[in-house]
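Structures incoming, each one as structure tokens.
Common to both upcoming complexes is subunit A, partnered first by subunit B, then by subunit C.
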Partner chain A sequence: MKFGIVVNEGPYTHQSSDSALQFVKAALQKGHEIFRVFFYHDGVNNGTSLGVPPQDDRNLTLEWSGLAEKHGLDLVVCVAAAQRRGILDEDEMGRHGKSANNLAPGFRISGLGQLIESGIQSDRLVTFGD
Partner chain B sequence: MENGEGVVKKFCYINRKAPYGTIYALESLEVVLIAAAFDQDISLVFADDGVYQLTKGQATEAIGMKNFSKTYSALGDYDIKKIYVEKESLEERGLSAEDLQALKYEDEDDDWAEKDSLFVVERDELAGIIDEQDVILSF
Partner chain C sequence: MAILHTVNKSPFERNALESCLRLAKAGSSVLLFEDGVIGAMRNTRFSEKVAQAMDDYSFYVLGPDIQARGLDNDKVIDGIQVVDYNGFVDLTTEHDTVQSWL
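Moving on, here comes the complex of A and B:
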């Protein structure tokens, strides 16, 4: 089955990123396809490369990046939600005249159309959030 | 099916949170406005505290938030004409249909007659509507 995933909450405060990560791992292990993981609302904070969680804790951004590299996952961060919350890639940094960028490897910034397309293309769209 | 062209799915956007206090209502509306460009079959549901999103007379100056409530009246221009409000959620909050904005659309198959796009439905009926959907996004 082809799954689209939506993550609507930030890491650590809320379990949605952990649950989504575990769901994606389990789905891949069972041979399912992940069409896309779309990060929205505070979920965009999963894409910051600047998080430094304690060493004895999980690092969700690194886990997502690692999973993307291993399985070619498409990790998409909503551009409008990301701009509000200070998640920028190099292009966005230049466009808005900011001094830094922080989008983690394996993530890309794109528009809400990517979420709708995920709903159209996937057999099931699964949302993680409240 | 490969590129999704010509595929029409039933998309349902469920709004369950108050318009201010959290960003969910505003960012849900942003999704709906983008979604309208994709020629899908769209329904909106307002339930729980989400019914407050459609109330008339919102005044946000004192909390320093943008009042985006007028945007809902533009949904008809985006060809969004199935907006369901749960009756029990209104009643539980001491509200009725009279407290809500009138939402309309122009029916192109009926000489652009202006028609209601907001329907107050009971919980049981709403469950049936949600059951018919292909894709549900809950905010």
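Moving on, here comes the complex of A and C:
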């Protein structure tokens, strides 16, 4: 079955990012397809490459990036939510004249249309948030 | 249409579970996870309400989130089925759609 996943909460806030990650891992293990993971609202904070959690803690951004690399996941960060929170890729950095970019590997910045498409193309849309 | 309702808030913190139980159609399923697992525990102010709602809904609770909170599967209200993440995924495929009560 094809799944669309929505993550509305940042890492280390409550549990949404962890729950979504565990759900995606279980779904992949069962042979399901993850059409897209859409990071919206504070969820875009999952996509920063600048997080440095303690070494004995899980690194959620790395986990998402690793999963994306291994399974070819499409990790989409909402552009408007990302700009507000200082999550930029190289293009956005240039467009807004900023001095740095921080989008983690495996993530890409796009718009809400990607969420709508995910809802249309997926058999199930599962939302994780606060 | 069979709907899986997911509730991730303790009934002592938010009214997500109460809203869900007020509005969900009979025959639906409810999965309690994250802090929502508190709603599956026996001997709380909400236990009776949940036990009564079991006439209309099938209840599930995510085991790993029970353990993560130092709670015990033995304390889960009789009739609520404990599932793991694989069970969570199966529940979403067995129902037509998923409604997250955030």
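Quick notes on this one:
The rule is simple: the second predicted complex is superposed on the first by the 130 of 130 C-alpha atoms of A that agree within 3 Å, B and C clash if a C-alpha of one lies under 4 Å from a C-alpha of the other, contacts with A are read in each partner's own complex, and residues count from 1 in each chain.
Keep in mind that, in the parts below, a residue touches a chain if its C-beta (ideal position, glycine included) is under 8 Å from a C-beta of that chain, and two chains touch if they have at least 3 such contacts.
Everything numeric in this text was worked out from a predicted model, so none of it was measured.
Of the two partner chains, subunit C is the only one that A:F23 touches; subunit B does not reach it.
After overlaying the two complexes on the shared chain, residue contacts for A:E117 are found with subunit B alone; subunit C is out of touch. By the touch criterion stated above, A:Q15 is placed in contact with subunit C alone, subunit B being left untouched. Of the two partner chains, subunit C is the only one touched by A:H32; subunit B is not.
When the two complexes are overlaid, the chain among subunit B and subunit C that reaches more residues of subunit A is C. Of the two partner chains, both subunit B and subunit C are touched by A:T127.
Contacts of A:L50 after superposition on the shared chain: neither subunit B nor subunit C is touched.
Counting contacts as defined above, subunit A residues 8, 125, 127, 129 meet subunit B in one complex and subunit C in the other.
Interface residues of subunit B facing subunit A in the complex, by the touch rule stated above, are 4, 7, 9, 11, 23-24, 27, 30-31, 34-35, 37-38, 40, 134-139. Residues 6, 8, 40-41, 80-81, 111-113, 115-117, 119-121, 125, 127, 129 of subunit A touch subunit B in their complex. The touching residues of subunit A, counted against subunit C in their complex, run 1, 3, 8, 14-16, 19, 22-23, 25-27, 29-30, 32, 123-130.
By the touch rule above, subunit C contacts subunit A in their complex via residues 6, 8, 33-35, 64-65, 84-86, 88-90, 92-93, 97-98, 100, 102.
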